[in-house]
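The same subunit A turns up in both complexes below, where it pairs with subunit B and then with subunit C.
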Partner chain A sequence: MLMGYSFSDLGSILVMQGFAGLIMFSVYLLMALGLAIIFGQMGVINMAHGEFMILGAYMTYECSRLFSAYMPGLFSLYFFVAIIVSFIVPGLLGMALEWSLIRFLYKRPLDTLLATWGISLMLQQAYRSIFGAREVGVNLPEWMMGSTHLSDSIEIPINGIIVMGMTLVITAGVYLLLFRSGWGKQVRAVMQNRAMAGAVGINTERVDRMTFGLGCGIAGVAGAAFTMIGSTSPTAGQLYIVDTFLVVAFGGAQSLTGTIASAFSISQTRSILEFFLSGSMAQVIVLLSVVIILMLRPQGLFVLKVRR
Partner chain B sequence: MKSLLRDRKTALFVLVLVAILAVILPLVLEPFRLNLVGKYLTYAFVALGLVLCWGDAGILSLGQGIFFGLGGYCMAMFLKLQASTPEATKIQSTPGIPDFMDWNQITTLPWFWQPFHSLAFSIVAVAAVPMLLALIIGLSMFKRRVGGTYFAIITQAIASILTILIIGQQGYTGGVNGITDLRTLNGWDIRTDHAKLILYFVTIALLLVCLGGAHFIRCSKLGRILVAMREREDRVRFSGYDVASFKTFVFCFAAAMAGIGGAMFTLQVGFMSPSFVGIVPSIEMVIYCAVGGRTSLLGVIYGTLLVNWARTSFSETMPQVWMFAMGALFVFIVVVLPGGLASLYRTYLDPYISRLLGSSSKAPVHAGREADHANG
Partner chain C sequence: MSRTIRALSRCTLATEKDNAMLEISQLRVCYGESEVLHGVDMTLRPGEIVAIMGRNGMGKTTLMKSLIGMVPVRSGHIALDGQEITNLPSYQRVAAGLAFVPQGRMVFSAMTVQENIETGLFVRGGKTVPENLYTLFPVLKEMRTRRGGNLSGGQQQQLAIARALATRPKVLLLDEPTEGIQPSIILELARTLRRIRDEMGLTILVAEQVLSFALDIADRVLVIENGQIVHEDSRANVDEDRIARFLSV
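Entry: the complex of A and B
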């Protein structure tokens, strides 16, 4: 017995909160993957990352609206279309941003931080003008609602399973793309030594643009997952940006395994603490412990051994 | 010779600033507007600290709102206790404690509120509490050679944590509304126009003291080490300087100034709330500094006034445009004008003013070399 809960109750709470945490884990992981690619590989601090996520969320919302208005028969499949749209649109916007602004600032990382913050303010206002200041939520198709019962006291939401599956596929895809493909080799070559990579014939500017676009696109997919746990509003992305940076820094900026492990531990701890404490205290405790751990171990949990 | 000219010029510019702030503005502005200017000036304390921290030493802190807020809260706690005498709060179920505590079913004053009954303690705390936190953050980060972007992100995370904490612990901090309904400072009503005028002049005086302090640091050898750290940190370290201690010192100094600014903010505005603590205000304080010119002490004061004045007039007339304008300002300053307004002044106006002030600097290059020799 602990705090009036029996052990079987506690077990169920852990499993259910753990699963609720898995959707949060998906959002964190996808956001952090995008950010880890941009920050870890390119050294650019993208403060507008949350706004790219919210763009993905708005794309999902628009897809659900269009499908229910024009193609109600296909409504049950809209989420898959939405994922693709919410990857492509933020990705293209990200490439445009890289081309028009970021590429001038590669040598000044602190300045990219301020400039992208400016971009994020402009994007927020743009969303407010285009989509309205009101919070919006998406309607889920019939088959994604409800939950399966594993036992009497444990239920697991179906949309959570789908989001998890999607996250696993994308994470695997990013891994294959960065570490098993020719293009990934080019990306890593550019990041390790830009001049040499250019000298052996890699088009470094194009690689930069594609990398930035990829990171923003993945943030957009995170937005599609985000519609499951929160309602979309112009400023919702801002709340996630610091958490995501902490996830990336906690995991060690250049390590994919580290990002996954830190996203998992942060979201799970938070989700489980949220059951016992108030939401804000859970957040404070988790963020504070991450900050303290980072102060003691600034290089993050997992460090890629690179010769500098 | 050149240093003499520069001192005359510095004195002239400080005089111009004092004339604008202390004579022209009080004469032309109505009390409400003057109070707004006083409020903007409290942000200038933060911007001055950022000049030392960011402009000189190259440490970008995105958490200056923490220190501004802590200073403001220290002052607000004192004023709130003054406003919550048992006679004034006798309708509460527990008289003598601040009203928001009563609403949150708290019956005794928490321990960390107790010392704020004393004015002397509160005034010390306004600078000491931010400094203490900055000392802890600075020592733990700089000793481990964390700098640059990581430092920026972690200070931002701390700002976010503090905001969530203040909002979450409603009974102890007043929650999202903050500490409101502040009335008197040791029996002196701070809400009258006359009091606000006096507080405005106190703000200017304190700002000038901080300006002098910051100028003194920049002119001393310490200031040179700060700039050297920004340019080549490892060389400074190899020369035998303890880089971490210098960084911690300048970070604490900036934090103390921000705390003083926060306290003056509370006094003039009459409340303190978490909306001046978090990520958004902290990063806006950085842009005040960037607009004025991150390496110019006088520049950032004008920059702060300008951005805030623009914000007020935009949000009064067309609030939708303001966010776009603010965003565009960030991008423009970073890409086109990294030196801020001060760099415009240095390129276009400074040559004329030097000539007007005295033609003794015929050969500036030579004079510069002389000055270098004189300094060893």
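Entry: the complex of A and C
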């Protein structure tokens, strides 16, 4: 037997850690979706993406506080309201940011890196001033707290299932938006050739603003999911931005399927390894394997096959 | 009182421009410090097909790009059907009635043929591809679920034209449409362009290096050299040898 576990133990561990990894998968996937959309559309690497996620987490926290203070009767439903708020507020902030700063820097990609990094520092300080430097945790309504028992040794947290479901719905929504809606057609045209998209009559400025807002809004929803696996603090977003870059690079920046597959494999590997090794060793192994795979396949997991 | 005078003067302006669909005056365009177009003047009448001939590097593409708004204008004016468009962003020029088929075609390669055409519909708020585009280019109907990038050069050229026509333009700009296309398709392209002009009443400005193609479709031929229009002929009394000399390297 391996490390003193029997095979049935190992099976249960795999399943449970797998489900624990699913929340991480949700956070990664939502973060990476937002980042990939923004990068793909305007070539901007948004260093403040983690802060938009944390803004969503703070919004969830504020919602839980407001509901328990003023509408305790409806507390069990607050999380759904929180998801909407944590989409809208970061989304609007993102649109404002694009309008006031980013759009002037499209021709200077390196500067957008610096500018968005500066914004991330400013946002962190703003959170510190507004919400306080202390970590805050969100109270879950009772019905989301428990877990279901699949068997004697396997139990699955309910909130994990809810977050997973939410992530799937949002991912499907993003897919439909991008590939089935008129707006998505405009986004894809701008992604492929900005100048030409303008020359067929697409209002590229408006498409940019909407896309940036959508990317930031999705990051905010990732923040709502994040409140279930970590405690919210002004700098917590920074820990996630590197992992998110990893997911995007690993999946291949242009492909939605690639992003999903890479978020899944990275979060699952990590979650399962974390049970047997320390967290940082798991991180090292994941990083190493991603580096090796990217050396063999620099374009990422999935690439569109098309003449350019 | 002053208002009536202004209204009157606008009136006379409008009548003056009645016979100009696209009017370019003293157009100067620069890349950084170096000026590429040194004051280009030209006027296109409604329904006219005009060819701009010139060797590589003489400013044809720069002229086309500055007309559609991909390259900023330093000074001068561009007016489309009486409307000043000199400093508008590209999409507003398209809304005003200009359409562009660029050199190298630049179809959206990862999008399907149908989606490519549909990108041209947004500016007029349309939803479905007009059937007459598929009548003009039947091959696009066959291929409509293929990705644009997987078409042949000639098919991509047709796609780029269909995409431009989807914006329901008044003036169509084409930059070297014959580049990289086999001769039999070039003949067909000339026929199609004339048909588009006749059926839709379009005005067409085409930049070309292939003289036979230009003479085949154009009512008027201009020659551009070092950023200036240096020669003009109507098709009726075109001096083929002279133009050929301008084009020889």
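Just so it is clear, the second predicted complex is superposed on the first by the 305 of 308 C-alpha atoms of A that agree within 3 Å, B and C clash if a C-alpha of one lies under 4 Å from a C-alpha of the other, contacts with A are read in each partner's own complex, and residues count from 1 in each chain.
Everything below uses one rule, namely that a residue touches a chain if its C-beta (ideal position, glycine included) is under 8 Å from a C-beta of that chain, and two chains touch if they have at least 3 such contacts.
Since the model is a prediction, treat every value here as computed from it, not as a measurement.
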Checklist line | Contacts of A:69 with subunit B and subunit C, given as first, second, both or neither | finding: neither
Margin query: By the touch definition at the top of the document, which applies to A:295: first (subunit B), second (subunit C), both, or neither?
Written below: first
Next item on the list: Using the superposition on chain A described above, determine whether A:120 touches subunit B (first), subunit C (second), both, or neither.
Entry: first
Next item on the list: Please indicate which partner A:130 is in contact with in the superposed arrangement: first for subunit B, second for subunit C, both, or neither.
Entry: neither
Next item on the list: Please work out whether A:198 is in contact with subunit B alone, subunit C alone, both, or neither, and reply first, second, both or neither.
Entry: second
Notebook entry, point to check: Touching A:182 in the superposition: subunit B (first), subunit C (second), both, neither?
Noted result: second
Next item on the list: Could you let me know whether more residues of subunit A are touched by subunit B or by subunit C?
Entry: B
Margin query: Which stretch or stretches of subunit A touch subunit B in the complex?
Written below: 43, 45, 101, 104-105, 108-115, 117-125, 128-129, 238, 242, 245-246, 249, 278, 280-281, 283-284, 287-288, 290-291, 294-296, 298
Check: Which residues of subunit B touch subunit A in their complex?
Finding: 60, 62, 140-141, 144-146, 148-150, 152-154, 156-158, 160-161, 164-165, 167-168, 279-280, 283, 286-287, 290, 320, 323-324, 326-331, 333-335, 338
Next item on the list: Within their complex, state which residues of subunit A touch subunit C.
Entry: 182, 185-186, 188-189, 192-193, 195-205, 254, 304, 306-308
Next item on the list: Give every residue of subunit C touching subunit A within the complex, in rising order.
Entry: 68-70, 89-91, 94-95, 99-100, 102, 106, 108-111, 115, 118-120, 122-124, 127, 147, 149-150, 163-164, 166-167
